[in-house]
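Listed below are the structures to be examined.
Each of the next two complexes has subunit A plus one more chain, namely subunit B in the first and subunit C in the second.
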Partner chain A sequence: MHAKNKNDKNIAGEIVSFFRFSFGTIITGQFAVVIIPLLLLWEVVPRLHLFSRNLFPTFSDCASAFEHLLLHSNLMGHIGLSVFFFLIGLILSVITAVPIGILLGWNPALRKYFMPVFQILAPIPPTAWVPIALIFLGVGFPLRVFLVYLSSFFPIFLNTFQAIKDTDRRYVLSARVFGASELNILIHVHFYHALGAILMSIRTGISIGLIMLTAAEMYGVNGGLGFLLVHSKEFFRIPDMVVCMAVLGFIGWFLTEIIKYLEKRICLWKESRQEA
Partner chain B sequence: MPLERVEAGSMIRVEGITKDFRIADRKSTRAVESVSFEVRKSGFVSLIGPTGCGKTTILEIIAGLTEPTSGSVIKNNSRPSMAMVFQDYAVFPWMNALRNITYVLSLKGVPKSDRIHLAMEALSKVGLEDFKEYFPSQLSGGMRQRLAIARAVSARPQLLLLDEPFASVDGLTREKLQDLILDIFLTTGTTILLVTHDIDEALYLSDKVVVFSESPGKVVHELEIHLDRPRQRHCTSLNDYKKELTGYMQNDGVEHALRAHSSKLCCEVLQ
Partner chain C sequence: MAEEQLSFETLKVRAGYKDIFLLVMLLLMCGCHHHQFKIGVTSSPHLASLFLAEKSGKWDKNSHLVNFPTSADVGYALISGKIDAGFMEPNKALLIKEIREFKDIKVIGKITYKYGGVLIVRKGLDLDLHHLNGHTIGISEPECKLYHALLKDIEYAHDSTAGIRFQTIPFADMIPAIEAGRIDAAITKSSYGAYAKKLGMTIPYSQWNITAGDACCPAVTAQCEFLLLGRKEKANETDQLSRLLLETTKESDAVLRQAAAEKTGISGDILESLPVAAYDVADNKLLQLFITVDEKEKKE
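Moving on, here comes the complex of A and B:
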C-alpha cells in the first residue's frame, strides 16, 4: 500500500516535470516578447482590408473557429482518431524497426543477406506507396496505419542500424578483453551506445509519419484531422483549415517533446558536468 | 633443467609474430615483422618505439583481439585472466563509475553480492570512492583514466595490458598515474605489459624495455633495467640507461637490426 502510494507520487511528479520540461521552453518572457507582437500583427493586418478577410482571417477569427470546432464539430473526436491511428502505426514501426536495425547493424552476415532488401525499398518516397496501398487496403483505417508505419519505419530502421554499426571500436574491444560474450556486448555496449541515436530517429519517424498520416486522411476517410482539413477546404473555411494545421503541428511538437523527455530521463550520462 | 625454470617463470612468450594489414583494395602492409620477446611472471615490461611501429598491434594480438598473420603467443597458463587499459579512457560513458566496475566484475563471474564491495575497494585504491555515482563525462581526464585503471585491476587480472594509458593527460597527472600503476604493481604482483613512446616513463617503471623500430615494427633491442624501486626520476643511473636507449631509438632501427643480423651470420659462418 505504502509502496503503491509512493509509486503514484512518482508518476505524478514525472508528469509535472515533463510539462515543466516541454512547456517550460515555450512559456517564457523572452518568447512572449516575440510572439505577442507577431500575434498582434496577425490580428491587425487583415483588418487593413488589403485582402478579403475571407482569404486572410485574423487570429481571433481562427480562435473562434477553434472554439466552434471544439464545441460543435467534434474536433476532439477527429484529434482522437488521428492520434490513435498514428500511434498504432508509430508503435508498430518502433517495435519492428529498432530490433531489425539492431540485428543487421550488429551481425555482418545477416547484414549481407538482408540489407540490400531495405536499401532498395528505403529510397521509394512514402507518398509513392499511396496509389498501390489504396488499391489493396481501400480508404479505411488500415491505409492510415500502413502509411504511418511505412514512412516512419525507414528513418528509424536506418538510423538504428547505422548507430549500432558505428559503435566505437574501443568500447567493444575493452568489453571483449574482459571476456564479454558477443551477446553481452550487444546488450551492454552496442545498445546503450546507440540509444541516443535511436530516440533521435524516432523523432524523425514522428515527423515523417505525421506527413503521411495527413496525406492518408485526405483520401476519402470521414474522420481525422486530414479529413477535417480537406472538408474545410470544400466549404472554403480558411480559419478551420488554420486550426487543423495548428493542431497537427501541436501533436507533432508534443510527441517530440515526449521523446526528448524520455531521452533526458534515460540517457542520464549525457548530462555533463554542471556548475554548482 | 634451466630451460624449464625459465618456462615456469614466464607469463607469456611472443614468438615470431608477423601481422599484415590490408586496407580496402590496396596491397597489404606489414605492421610488425617476426617480433619475439618474453614477459616474466610478476614482471613489468615496456614496449617502446615511435608512433606507428605496431606496438599496439602486438598488444591486441596478446589480448586476443586480432589474429597474427604468422607466429604465436605462448601463454604459461592456458587462459591467463587479462585486463586492458586503452589510451583514450574506454570506460563506458553510459555507466557511472561504480557500474563500470561492477559490470566488468560480472563478466569475470564474480557473484553479485561481492561486486559492490570489490568495486568500492578498487575505487578507493585510485581515490575515486566519492565519485562512484559520477558518469565519465562528469569526470576530468585524469580521473577517467584512474577509473579505467581501477576497472582493469578490480578483477585482479594476472596480466595487465596498458596501451599508452597516460598519453592524453597532462604531465603532472601522468606522473601521479605512473606512481599509481607502480603501487599496484608492487602491492599485487600483477604482471604488466606497457606500450608507450615515452622513454622516461618506460625507464621509471619497467624491468625490461623492448625497443621497436618503425614500419614494419621489429624488435631492435631489449634492455634489462636493474634498479630498485621506487626509483628517482632523472637520477644518474637512469640517465645512463636513457642514453643507451635513446641511442637505439635515434639510430636507424632497421640498420641496427641488420647489423645485429649480419654479425649473427658472421658468427654462424665462423663457427
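Moving on, here comes the complex of A and C:
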C-alpha cells in the first residue's frame, strides 16, 4: 500500500513536472509581449473591413466557433478519433523503424543488402502514396494508420540508422576492452549514443504524421479533425476551419513537448552538457 | 583600357536590350493574363454542354476552364475574384450567398438533370430489391420521397422491409460511406449514378416516376445539379457563355455524352445508361433564392 501510494505520488509528480516544463515555455512574459499584440491585430484587422469578415474571421469569431464545436459538434470526439489513429500509426512506426535502423546501422553486411531499398523509398513524398494506399487499403482506419505510419517511419529510421552508424568508435572499443558482449555494446553503447537522435526524429515524425493524418481523414471518413476541417471548408464555415487548424497545431505541439520531456529525463548527459 | 571600356559599353547596351526584352515579355504576359476569362468547374459529366461548347468553333479563345476538386473550391475562387464564372452545386451556392462578396456575383443559368431515385450498391456486392434484408442502406432522411418510393417498390415486390437497416446520411456523403464500408447501399438522387458506376458500384434499381419537391429536396434546387454563377463586371462574357451553352445543350444526347466521356474519363457505356443533363437560363423562382439583403433593401 505504501509502495503504491509512493508510485502514485511519483507519477503525479512527473505529470506536474511535465506540465511545468511544457507550459513553462509558453506562459512567460516574453511570449506575452509577442502574442498579445498579434491576437489584438487578429481581432482588429477584420473589423476594419480591409478583408471580408466571412473570409477572415476575428479571434473572437474563432473563439465562439471553438465553443460551439466543443459543446454542440462533439469536437472532443473528433480529437479523440484523430489522436487514437495517430498514436497507433506513430507507435507502429517507432517499434519498427528503431529496431530496423539499429540493425542496419550496426551491421555493415546487412546494410549493403537492404539500405538501397530504403534509400529509394525514403524520398517518395508521403502524399504520393495516397492514391495507391486508397486502392489497396480503401478508406477509413487502414488508410489513416498506414499514412501516419509511413510518413513517420522514414525520418525515425534514417536518423536511428545514422546515429548508430556514427557511434564514436572509442566508446565501442572501450566497452570491448572491458569485456562487453556485442549485445551489451549494442544496447549500452550504440543505443544510448543514438537515443537523442531517435527522440529528435520522433518529433519530426510527429509533424509529418499529423500532416498525413489530416490528408487521410479527407477520404471517406465521418470523424476526425481532418474530416471536420474539410467539412467546414465545404460548408464555408471558416471560423470552424481555423479552430481545426489551431487544434491540430496544439496536438502537434503537445506531443512534441512529451518527447522533449522524455529526452530531458532520459538523456541526462545532454542536460549536463548544456549546463556546462 | 579603351578595349575594356568598349566592352563595358557593349555590355551596358546588351544589358539594356535584355532588360527591354524581359519587360516586353512581362507586359505581354500581363496582357494575356488580363484578357483571360476563367470558368471554374469540377469534373462532373453533367457539364456535358459546357465541355461540348469548349470544343465548338464558337468558343471564345480567351476562355479557359479551371478544374477544382469540389464546387466549394469554385465558390471560394469566384468570390475572391480568381475566376470570372463557375459552376456550383445549388446548396453550396446558397451558402456563399451569405458572404458579403456575393454582391458582385449573379446567377446566370442552371444545369438540370432528370429527377429520380437510384439504389447504388457497393462494388462486389450482388444485391437486388429481393435481397436487401440484413443489409444497411443509406437514406437522406426519413421523409425523403426517394426512400418512400423504394419502400413502396419493395412492398410491391411482396418483400418485407423489416430486416433492412436504414441509416440517414446526407446525399453527398453516401458514396464515400459505401466505399468505406459503413453502408452496403444507398438510395440517392439519379444524378449520382454516373459517378457511382465509374467507381464500380452497381445500380440494380432506379425509379424515374418521382416528382421533385419535399423537405430534403425542394423542387427549385432538387433537379438542379449546378448553377452557373458569374461576376457582374464580366456580364458580357458570361452572357456570351450562356448563349453558347443554350446552343450546345440542344445537341443530341450521343454527342453530349461523348464530350462528357472525353473530358471526365467516364466511359461512354456508363453514360449511355443514364440521362443527359441540360442547361437553361435561371428562372425567376431560382433567382428569388439568391436575392441578397442589399438588393432586397434597394427594391423596397
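One rule holds for everything that comes next: the second predicted complex is superposed on the first by the 272 of 276 C-alpha atoms of A that agree within 3 Å, B and C clash if a C-alpha of one lies under 4 Å from a C-alpha of the other, contacts with A are read in each partner's own complex, and residues count from 1 in each chain.
Here, contacts are C-beta pairs under 8 Å (C-beta built on N, C-alpha and C of every residue); 3 or more make two chains touch, one makes a residue touch a chain.
In this text, all values refer to a predicted model and were calculated from it rather than measured experimentally.
Engineer: Given the alignment on subunit A, is it a clash or a fit between subunit B and subunit C?
Structural biologist: Result for subunit B and subunit C: fit.
Engineer: Scan A:Phe114 for contacts with subunit B and subunit C and give back first, second, both or neither.
Structural biologist: Neither partner.
Engineer: Pick one for A:Asn184: touches subunit B only (first), subunit C only (second), both, or neither.
Structural biologist: first
Engineer: Please indicate which partner A:Val221 is in contact with in the superposed arrangement: first for subunit B, second for subunit C, both, or neither.
Structural biologist: Second partner only, subunit C.
Engineer: Please indicate which partner A:Gly140 is in contact with in the superposed arrangement: first for subunit B, second for subunit C, both, or neither.
Structural biologist: The second partner, subunit C, only.
Engineer: Given the touch rule stated above, what does A:Lys233 touch, subunit B (first), subunit C (second), both, or neither?
Structural biologist: In the superposed model, A:Lys233 contacts subunit C only, not subunit B.
Engineer: Quick one: subunit B or subunit C, who's touching more of subunit A?
Structural biologist: Counted on subunit A, the partner with more touching residues turns out to be B.
Engineer: In the superposed arrangement, which partner chain does A:Tyr261 touch: subunit B (first), subunit C (second), both, or neither?
Structural biologist: neither
Engineer: Regarding the shared-chain residue A:Leu55, is it in contact with subunit B (first), subunit C (second), both, or neither?
Structural biologist: second
Engineer: Nearest approach of subunit B to subunit C by C-alpha atoms in the superposition, in Å, rounded to an integer.
Structural biologist: 46
Engineer: State the interface residues of subunit A toward subunit B in the complex, per the touch definition above.
Structural biologist: Against subunit B, the touching part of subunit A is residues 168, 170-171, 173-180, 184, 188-189, 192-193, 195, 267-273.
Engineer: What residues of subunit A sit close enough to touch subunit C in their complex?
Structural biologist: 52-55, 138-140, 219-222, 233-236
Engineer: Which part of subunit C faces subunit A closely enough to touch in the complex?
Structural biologist: Residues 70, 72, 75, 79-80, 92, 95-96, 98-101, 172-173, 176-177, 179-182.
Engineer: Quick check on the complex: what are the subunit B residues that touch subunit A?
Structural biologist: Those in contact with subunit A are residues 60, 63-65, 81-84, 86, 88, 90, 92-96, 103-104, 107-108, 135-138, 155, 161.
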